[in-house]
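Scrolling down, you'll hit the structures one after another.
Shared between the two complexes below is chain A, which pairs with chain B and chain C, respectively.
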Partner chain A sequence: MTALHLEFDVAGNNFVSAGSASDEVKKTLKMLGVDAQFVRKVAIAMYEGEINMVIHAGGGKAAVDIYPDKIVIVLADHGPGIPDIELAMRDGYSTAPDAIRDLGFGAGMGLPNMKKYTDSMDIQSTVGKGTTVTMTVNFAA
Partner chain B sequence: MDKSLHTVTLDRDKCKGCIACMKRCPTEAIRVRNGKAKVYYDRCIGCGECVRMCPHQAKLPAYDPLESIYKYKYRIAVPAPSLFGQFNNLDDVDLVLNALLELGFDDVFEVARGAELISEETRNLMRDGKLKKPIISSACPAVLELIMMRYHSLLSHVIDLVSPADVALRLAREKAESEGVPPEDIGVFFISPCPAKVYALKTGMGLDKPAADGVLSIGELYFKLLPVMSQLKDKPLKKLSKTGILGVRWAASGGESLGIYQNRYLAADGMENINNVLKAMEDGTLNYIDFVELGACPSGCVGGVLNVENPFVARVRIRALRDKLPPVANKLTDEKKDRSFYHWEVTPEAQDVYRLDSDLSVAIEKMQRIEAIYKTLPHLDCGGCGAPSCRAFAEDVARGETTLDMCSRR
Partner chain C sequence: MKIKEIVELLDAKVYCGEDMMDVDLHSACASDMMSDVLAFVKDQALLISGLCNPQVIRTADMMDIKCIALVRGKRPTDDMIAIAREKGIALISSGHRMYSACGTLYAKGLQPGEITV
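Let's look at the complex of A and B:
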């Protein structure tokens, strides 16, 4: 069968609408009857990813494919790229500007949390071109 | 128990089939079918938003009439603290409680007393440190139902305590029994600010069996209390109140949180705000907060649709009672109850009211059909089709509950 495919534009530098794509995905997963523990993992991982695109990349696109056994989320942006992915993955490492930190974001837990709450995560990034993060959450304990 | 009889009903003659209630229903439980508002009760949380919004007074909140108390020989009134916010210049809550006796009750027992006990048990549980944070209050039954329907992953955060009203109702009954009143003669009646509590108390949410013998409306009693209170005004009053201000302040948003004696709490009221808080909790962004108090009604229980007074005015009056009451008057040690007395006997379970199909593959196919239908719609959310939004209409079509030709704007 074909997957349920959803696409969202994530607006840059707009904290008011940030999280609306992950909200829609949460709502869809609940209607599909996906178990609450997986909905929560997706919610946390996708929200963090969406916020990252807003803070660092001036927005981007989210493409989501839902299968009977898993969800695949692809977050693609045309932002500055990540020079050192290993460093960016460390707990607490952040390049968020002070203005963003003052809003309570930028604690350096975004990427680590995305990895923690997904079953696989792949980051492809080219400095100056952009970043594509692909996350998968399996619907099985 | 049939929800339609205990949340809201419709006066079909008054309903014009406009879309006011449907557009505001926070759980999308209302459709306009054949020119009349129809509630899908499996989705109704009893919040009363439709009662508040209806321009034709066609939405009737359900409650028991005052006459129903006479089925019992010994009648006890158990008023919610929001009742005290309804009266202008109330110096003494005993004036209200004495007036209740004049209306036909044999005794009174304030819900605020139950609230003070629940506050203390909440503090004990928080000190034990075994609860999943942020802890969500279980006090608002509309919020509890919303979580059961929409936020399954947060159910484990809800504190497993019964409502202050249930505590008060059961203690009131026990007091009468200990005074020698035959159990079958005793009727305990909660006086409610909202339809969600009417439903919760009548069905005994969280309990093996309901603690209330009936649930009355603050609004109905208000007009009967007023003349009696003016008669009693200059007469000596019986000392009946046994609550402190801590319990009474539960009537307004933030009042319950004051009772935990800690600072990292969040208190939100109004359906839109509480939905936003619950969404943020799902996203894991509120993990540094200890306690979350959520009330479906604007300003908290004083905003319930069975009240008479504007919630902001009622709130001022509740606050003004601070000078008239002791800080706290009820302690767990006074009641000598096992801790289990304050805890749920039945744990409220997740409800799958939005689920498209029990088979995930089939559900995905249905969702694809919904997406395909949605793309052909005008995205005006005009409500003309009888559904609150184009998306809800697409869902209804896919579920076979309506047909595409109901949309006149395609």
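Let's look at the complex of A and C:
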């Protein structure tokens, strides 16, 4: 049963608004009285994913389902896709251009951080078609 | 360490959060790379950064960071000040370089943050 479903359009190449979807999710979870440490994990994982969509994919869609026992975040884009997911998951590996590094991102830690802060993460990607990342964070028992 | 002590030690200018000067911070992290900051989860922290764009504020907000100290005399943009004010984050700027800002605060007892997931 879905307790709450949220959807967001993430605009590409807009660094001022980047992070606003994660901000909304964070606010919603706080309003629901969810534990602060849990909220932070979800916010960070989603924020990294949102930034990835802005940097690499020209934006996309974020769907968040909040269940009584877990939260599921699906980030879907129609960007260039990831040719080698294993390589992309490696700490420090990044294809971000220097202009993105000047903005404080592109250190090759986005995907590893997302994995670290979630209980499961699945990446489906087709080169030339896009990427869908599904992350699940379980509420502590 | 209270934010007002940080302002004093770093000879910093306060851009917003004047009402937060008595907030006590227990740890700090310093980086120009936001993903480094996002690998750090800790309450009541200070973020020291030479990066000056709205994502510094967003990143700090995701982490529940209470105060951002910009170094090397960086001046925050109006956008940054507006987001920081909305989020309840004190935003200060110091002429110190990153190394001396960190050294100064560390020597006065502000602890580095540990990564706790």
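In the analysis below, the second predicted complex is superposed on the first by the 139 of 141 C-alpha atoms of A that agree within 3 Å, B and C clash if a C-alpha of one lies under 4 Å from a C-alpha of the other, contacts with A are read in each partner's own complex, and residues count from 1 in each chain.
Going forward, a contact is a pair of C-beta atoms (placed from the backbone, for glycine too) under 8 Å apart; a residue touches a chain by one contact, two chains touch by 3 or more.
Everything numeric here is computed off the predicted structure, so don't read it as measured data.
Colleague: Go through the superposed model and pick first if A:Val127 touches only chain B, second if only chain C, both, or neither.
Modeller: Neither partner.
Colleague: May I ask you to decide whether A:Leu87 touches chain B, chain C, both, or neither, giving the answer as first, second, both or neither?
Modeller: It touches nothing on chain B or chain C.
Colleague: Based on the superposed arrangement, let me know which partner A:Pro68 touches: chain B (first), chain C (second), both, or neither?
Modeller: A:Pro68 contacts chain B only, not chain C.
Colleague: Contacts for A:Leu103 in the overlay, against chain B (first) and chain C (second): which applies, first, second, both or neither?
Modeller: second
Colleague: In the overlay, answer first, second, both or neither for which of chain B and chain C A:Phe15 touches.
Modeller: second
Colleague: Once chain A of both complexes is superposed, is A:Phe139 in touch with chain B (first), chain C (second), both, or neither?
Modeller: The first partner, chain B, only.
Colleague: Is A:Gly33 touching the first partner chain B, the second partner chain C, both, or neither of them?
Modeller: After superposition on chain A, A:Gly33 lies in contact with chain B alone.
Colleague: Taking the superposition as given, does A:Lys116 touch the first partner, chain B, the second, chain C, both, or neither?
Modeller: It touches chain C, and chain B stays clear.
Colleague: Is A:Asp23 contacted by the first partner chain B, the second partner chain C, both or neither?
Modeller: In the superposition, A:Asp23 touches chain B and chain C alike.
Colleague: I'd like to check the shared interface: which positions of chain A are touched by both chain B and chain C across the two complexes?
Modeller: Chain A residues touching both partners: 19, 22-23, 26, 36-37, 40, 43-44, 47, 113.
Colleague: Over in the complex, which chain B residues touch chain A? Could you list them?
Modeller: Residues in contact with chain A: 150, 152-153, 155, 279, 282-285, 350, 352, 354-358, 360-361, 363-365, 367-368, 371, 395.
Colleague: Given the complex with chain B, which residues does chain A contribute to the contact?
Modeller: 1-4, 6, 19, 22-23, 26, 28, 30-34, 36-37, 39-40, 43-44, 47, 66-68, 113, 139
Colleague: Would you mind writing out the residues of chain A in touch with chain C in their complex?
Modeller: 15-16, 18-19, 22-23, 26, 36-37, 40-41, 43-44, 47-48, 51, 101, 103-105, 107-110, 113, 116-117
Colleague: Which chain C residues qualify as touching chain A in the complex?
Modeller: On the chain C side, the touching residues are 32-36, 38-39, 41, 43, 49, 51, 53-56, 58-59, 61-64, 79, 117.
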